[in-house]
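Can you keep this structure in mind? I'll have questions shortly.
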Amino acid sequence: MHVLLIVVPVVFAAVCLALPGPRLRLASLVAGSGAHFGVTIWSWSTTFPDEADSVFAIEPLGHLFVSLVSVLFAATSVYFVGYHRKALLSQRIFLACMLALLAALSAVCMSRHLGVLWVAMEAASLAATPLIYFRLSARSLEATWKFLLMSSVGIALALLGIFCIAVAAMKAEPAVSLVYSDLVSHAKELDVLWLRAGFLLALVGFGAKMGLSPLHSWKPDAYGEAPPPVAALLSGAMTLGPFIGILRVFQVCSAAGLAEFAGGWLVVFGLVSIGTAAVFVVGNNDYRRIFAYTSVEHMGVMVVGVGLGLGGSYAAMLHAMHNTLNKGVLFFMAGFFWRIYQSNRVSDVRGALHHHPTAGILFLGGLCATCGLPPFGMFFSELGILFAAAQKAQWWVLGLFTLTLCIVFVGVMTAMLPMVFGPPPENLKSAPKGEGRWRNVVMLAPATLLLLAALVLGAYQPACVRDALYAAAATLEPLRTESGAAVARGMEVLP
Amino acid sequence: MTLVLTSLALLAIGAATSLLLTRVPRLALNLGMLFAFVAAVIAVIAAGDVLIRSPSQSTYEAAWPLSLGTARLSLDGLSAWFLMTIGVLAACVSIYSVPYMSSAVGREPVPVFCALFCGLLAALILLVCAADAVLFLLSWEVMTLTAFFLIDFHHERPEVRRGAWMYLVATHLGTALFVLPLFGILFARAGTTAFSSFAGALGSADRTTLMALFALGLVGFGTKAGFMPMHVWLPAAHPVAPTPVSALLSGVVVKTGIYGLLRLLSWLPPLPLVCGEVLLFVGVVSGVMGVLYALAQHDLKHLLAYHTVENIGIIALGIAVGLLGEATNEPTLAVLGYAGALLHVTNHALFKGLLFLSAGAVLHGSGTGEIERLGGLARKTPANALMFLIGAVAICGLPPLNGFLSEWVIYGSLFSGSIRGIGASGGLPAVGVAALALMGGLALACFAKVFGVVFLGTPRETGLQTHSIPTGMKTAMAALGLFCVLIGVLPSLWVPLVRSATIELANVPMGEFSTRIDGVLAPAIRLSGMAVLFVLAIGGLLVLRRWALSRAARRDVGVAPTVATWGCGYTQPTPRMQYTASSFASSLVTTFRGVLWPERMFAAPAGSFPATAHVETRAPDFAEHELFEPVFRGVARLFAMVRTVSWRGESESPGVAQSAAAHRRGPVRTLTIGMVSALRRGSIQVRLLFIVLTLVVLFLCEALSSVDRVHTTTGQDYQHTLSVGVNR
Amino acid sequence: MTAVRAVLFVPEMLVVLALPPLLMSVIAKTKAWFGGRVGPPWLQPYFDLHKLIQKNAVYSKTTTWIFRAGPIISLAALLTAATLIPVLSNDSLLGFSGDIILLAYLLALGRMFTVLAAMDTGSSFEGMGASREVTFGAMSEPALFLAFVVMAVATKSLQLSEMIGPKLLPEWQIAGPAMILVVGALLVVLLTEACRVPVDDPATHLELTMIHEVMVLDHSGPEFAFITYGAALKFTLLGSILVHAAIPHPEGFNVLSPPLRVLELGGLAVLVGAIESAMARFRLNRVPMLIAGATVLSAIAVVLVLMRRTV
Amino acid sequence: MLQSAIDSILVLAVLLNLAMLATSRMAACIRTFALQSLLLALLPIAVGLRHETIPGAHAFVITAGAVGLKVFLIPWILLRVLRTGEIHREIEPFIGFTASVMLGAVIIVASFAFAKRMPLPTEAPTDLLVPVSIATLFNGLLMLVSRLKAITQVLGYLVVENGIFVFGLLLLEQTPVLVELGILLDLFVGVFIMGIIVYHIRREFDHMDTHLLDALRES
């Protein structure tokens, strides 16, 4: 039944290709993502039997991530209706690719077989490529080429990593298939040497797609050149795919008793990523690139959390959730500012609060959320990771983590506060009326909803969300504690 | 506890209503501030209930699922003391804000101001009542954020933006770099985030841990409290904020830093002696430097901001003595020190709030806070003059007002510290005494200057208009002034309240404690007697004077004549001839120029008929310009270099680099130049190279580390490995 | 005993209040003697006060109630302080633990209001005087308080009448040097607070060089009487602190003690007069050195006392 | 006999890597790649035969797919893209041809040494599989890093894929045919899109020097 999550977008993509007229296609895009969202909601209301043999299955981690993807897509498609202008790339292909991306990502989240996961991941990145090329300009072309080549190479390495794990699995008698649940259950019989190699390769490969430093370098270009809604999808949803890939491999490793080894490398990569973000955010004058680097930072935070484990992995799940919501807000607002100020440069955008209060407030909220200020959720996730580091007595990790996050905070705030406050530049056309006004509403509504979600879920966490996060985090702790319930309890005792 | 919750709820309602009534800002203002006022009063009642009755540990756990931690509230003596301070000041400020902000209606988003005001208040109340680390940090940061938005309220002016930015960055750095790790350590030791568990978990902590915790708390909370040299944000943010906000900032927001520190101390076992000594040193430096900088200021609110630093220093002295007392197991000393600090927290909130509100009234009336331009306001706004005078006398620690009470206790603690030979065998407390005395004298000089120049004499600028002060503002100030007088004259009503807050800090058994504190604070009662005597003396002298004058009047001229001021022979004195504030302070500033490094721009009068002369003095803050600015700039420059892969931080055109590469300068240089240019242009090949290198590095690390792991780890995998390796 | 004491306090207070002008004239006489003149009659200060009380007051039209309040409040503060200081006997009327701080701050309160009254006239001369007054006052505070620390450490008490009472006798035997330093510091503080040479010259006629006198230029009539009397009273009070610290009388009440005290105070007055005739006023920018010197003296005294106590 | 055939195929594949590194004419490069792919595509069947059984349909499917894609379709696309422009040679790459051949040789040696450290848990068709696949992979990466022209980089990517393909031979039994085909399909679509992008690059900039794409950088 959950296969609907993959089938629905594919069907609508086909419809989109078939339909004449841009308005109809837009409608089908919205309908497609809306239907996907509906199915997701419904999927939470039912419980799924554990089909042992099926390629796709709904399990806590994937379920959480696919829901995030679905939420962001729903918001983005609405936003896109307002954002949409005369497409340079054929709109038909563009929208179809968008839906295909949705389908591919859902497949990534739900696939049980690592090979299938890889195939879906590659499909997702291929579907994303035309989206980046939206403008057909020289710059976007360059960005596309860099994205395509780097992610292809990266994912090729990931494939090699998966093969290595398969080799490791050949040691078991009989040889275990690449279904991660089997791998986890037979983890003790795997060949440790090849498992380690596989993990490293997968980490580098998926890390390149996820944007961990120093493999992140395609990110600022792609996010800067792609149209903002696409950038939102890339940073909010697309990053979840490789992340789940890494998590799957990590599950196997930690089940095989390699938790310290794998976690250690995750922490290292995470800290390096946050550090890189810190260096590149300070003094940067392109707000979309800055957002891209904050995305690198947040990837790093998540990875550190998973690497630390227990409370950390819960915090990482929390962080992933809020990252999706925030990135949506930020890039939506970036697109909106582009419409007002016609510039990507921080120094050109001034006094948004004065010129368009709603937009200013939304942007400000997005900033605070991204910088981990309460009552937004990232405050709690970063605090949780800090607590986890303290509990493991990894003081260096704790110190570097806070220091780099602080630098990012200062960099972002110093750059972005003048965008919001102060007087706006003189030569600025006043808020548009009529059709433009309607567009504004359509563009601001999804951002508002996402921000509200981030706000509410930060300060007030409903039991269902907490359970979902706990369950997802528990799947990352096969060996560190005996059972998921224990992890949940542990986390309640922990932060 | 229910009262606290009610006031929180009221504040939420107030914020909501004022946001809903954006269309009718005036109504929003009135309603919002009404809610704030009622909430503050309720908070005071709740606090007073705890303070008057014996400390009742009522912990309340809200069914409010946070993403982390639990919403656990508790109201012990310490919380109650700060809650009372917050409530009293906030109530007066909310009365004051209504007329003050109503002038901004239409020009500024006043409803947003009200909402933020309520938010800040709620955050403050939640902060002092929080009994859970996460909740504490949450409200701490929310307080920071709301205060930031309030400071940035008039964000059209660049100096406002700068001040707000400095506040945000400074406090966030302090919080994130020091306070969060602090709680990380506490959590790691206790295994939970509940405050109640921390004290027990730290019982067995070793010396280094304690020192680390203390250091983190000192810097982290000290940044919010404004210890030198982390004080930089105060003089930047206080002056630019709307007056009610400045009053709250200086009165209570800064105090939350003190609260955090005290809360931490309440968990820690007696600390090593050095901690108290360090804190005492910090207090001396903050106090003296603060008041010296204040002397050199020319702007009312700048001056008051630096005085906040001074008073925080005084509070630090008290806490330091408390620490010393605990360290050397001298309960009397601990009690004295902590009690003095706590008393001064409240007193400072009262008179500094009063001073800020009065200064705001000056700004409101005559549109400028520049001391040199003002003058003779006492004739135009006598009520405000009286209020400012009360505040000034109180902040100088002069009897019979409240400022003297707390400074008296702190003096007492320092004296008995050096009597008992504690802290460098009593030397440090002696230094504290001297510093406190110096602070007192300098503060007196400073406020003689301010009051004398601003309110007395004749107006220096004819252009300045002064319209009268609304009743609401007068009421608020009068309330604060009344508190200042009452506390000073009737300490016997006030001092006992501090007992239940002090017991949280000085870990002394209750029975012994009460005897101690009563013995220590009993003489305070005598102060009211002295006050009565003082008033009697004044009355007697008044009668004498009246009698003499009336006799003189009956005998000859008539009523006392009024003439022009005696100009020592010069008959046409003009207002511009009055002694200015800078010249008033100059003798002290020059005396301490070795500390202050004042800048002096002087254009001497020239020619036989000199037309104009110009002298201007400033005292730039050392911490800001010598400490933090260079660091920030250096880091930014370094990062810019890395980012653009070029010296001097700006990217050169790749063509240049290529031409450099074209020169044959040996393989290494050529390769590096080529690499640099490739990096700088971010060409795809280099980026791919990064991936490859990362891979290689990872595998090398593994290869190197796996050599020894073969021996260490168990499991037959490696035996297998080895055997296969042999077989091959 | 205490009843006797309580009864005896009334005449003592009366003497204390009557004494100050006499000391002033002692100073004047001394200076006259050094100058080879006869000098004013002994009771001249009383005559002056009486004359001033008779006179009518003249007010500048820039002044406010602060100007009128100034002299009264400062004198009231001094009167209040008088009840804390043992002048004739070893005991004060209303002393309590911690009263030294109150004493010092009452003096400061007086200074505050004198200064404000001066600022109220809006005259540049009086502003100048006020500025100097607060400067020197602020700088002399540490010296005074460090001296207090020495006595407090020596006598383990915070009540003035005990700190400078008989309990100080052993200290003189054990730590004589420290006490000498303290007395020196107190003398400087006295000269500063009471505005005598070398800090200030009450007899000068050039406003530019005055400190205290220039602040009260505009006062007249009864208020000026208050000010003049207040200055004398301040001298007496600080002087008696100095005298008690320098020459502690033994425990208990004996008949000889009060007259002896009067004589000692007279001696102090003579000393001050001698100083005034012997040396000229310092240049204003040198005065801080003098006061800082006093602070150093008492700081060294503190070190000595603490050292002695720890070994 | 079969064993030696497999080994010789693998060795030949490695040598073809070096050949690709050595040639500057892109068309030749593409053809060499096609040849390599052909050789490697034969391996599944050979490995299948080695088990003294009739190789399963699985092996045949993969061979067919590989041949169809990597021997005909992809080279055809690349050659078309190449033909549209007038650039046919790789002129002074970052690392010269001889240097890169040397490097390639070093890589091969290193990968053999590496394979020694990574003993297979089970019996492999031949010991050469792992080192050859690693060598091919890194030679491909070398091409990616050192070459300037877009097409050569695409070739490098394909060579990397070939290396992984060789590695995949270890897992013929494990990986379901569906996954294999998916991988091949992704490869094809990827290269197809790359071809389009390269075409656009040529049309946009009149060159295929990817190292000249430097508009996007930190300023």
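Each chain carries a letter (A, B, C and D) given by its place in the written order, and its residues are counted from 1.
The working rule: contacts are C-beta pairs under 8 Å (C-beta built on N, C-alpha and C of every residue); 3 or more make two chains touch, one makes a residue touch a chain.
Keep in mind that what you see is a predicted model, and the values were worked out from it rather than measured.
When the contacting C-beta pairs are counted for B-C and for A-B, which pair yields the higher total?
Higher C-beta contact count between the two pairs: B-C.
When you take the mean of every protein CA atom shown, which chain's own CA mean is nearest to it?
Chain nearest the overall C-alpha centroid, as shown: B.
Could you tell me the distance, in whole angstrom, between the mean C-alpha positions of chain B and chain C?
Each chain reduced to its C-alpha mean, chain B and chain C end up 38 Å apart.
Please work out the Cα centroid separation of chain A and chain B, and write it as a whole number of Å.
40
Please compute the C-alpha centroid of chain B, do the same for chain D, then give the distance between them in whole Å.
66
State, to the nearest whole Å, the distance from the C-alpha centre of chain A to the C-alpha centre of chain C.
That pair's centroid distance is 78 Å.
By the touch rule stated above, which residues of chain A touch at least two different other chains?
Expected reply: 145-146, 149, 153, 191, 193, 197, 221, 280, 284.
Can you tell me which residues of chain B touch two or more of the remaining chains?
Expected reply: 643, 682, 684, 688, 699, 721.
Scan chain D for residues touching two or more other chains and write them down.
Residues 119, 121, 141, 144, 153, 210, 213, 216, 218-219 of chain D touch two or more partner chains.
Could you list each pair of chains that touch, in label order?
A-B, A-D, B-C, B-D
Inside the complex, what are the residues of chain D that reach chain A?
Residues 118-122, 137, 141, 144, 150, 153, 157, 160-161, 163-164, 167-168, 170-171, 173-176, 178-179, 182-183, 185-186, 189-190, 193-194, 197, 200-201, 204-205, 210, 213, 215-216, 218-219 of chain D touch chain A in their complex.
Would you pull the chain B residues touching chain D in the complex into a rising list?
Residues 643-644, 651, 654, 674, 678, 680-685, 688-689, 692, 699, 703, 720-721, 724-725, 728 of chain B touch chain D in their complex.
Per the contact definition, I'd like the list of chain A residues that touch chain D in the complex.
The touching residues are 55, 113, 115-116, 118-119, 122-123, 126, 129-130, 133, 136, 138-139, 141-146, 148-149, 152-153, 156, 159-160, 163, 166-171, 175, 177-178, 191, 193-194, 197, 220-221, 224-225, 280, 284-286, 289.
Using the touch definition from the top, list the residues of chain C that touch chain B in their complex.
Listed in rising order, the residues of chain C that touch chain B are 53-64, 66, 72-73, 75-77, 79-80, 83, 94, 96-99, 101-102, 104-106, 108-109, 111-112, 115-116, 118-128, 130-132, 134-135, 137-142, 144-146, 148-149, 152-153, 156, 158, 207, 217-218, 221-223, 226, 284, 288, 295, 299, 302-303, 306-307, 309-310.
State the interface residues of chain B toward chain C in the complex, per the touch definition above.
Result: residues 375-376, 378-379, 382, 385, 389, 393, 396-399, 404, 407-408, 411-412, 415-416, 418-419, 421, 425-427, 430, 433-438, 440-442, 444-445, 447-449, 451-453, 456-458, 523, 526-527, 529-530, 533-534, 537-538, 541-542, 544-545, 548-549, 551-553, 555-557, 560-568, 573, 575, 577-579, 583-588, 591 of chain B touch chain C.
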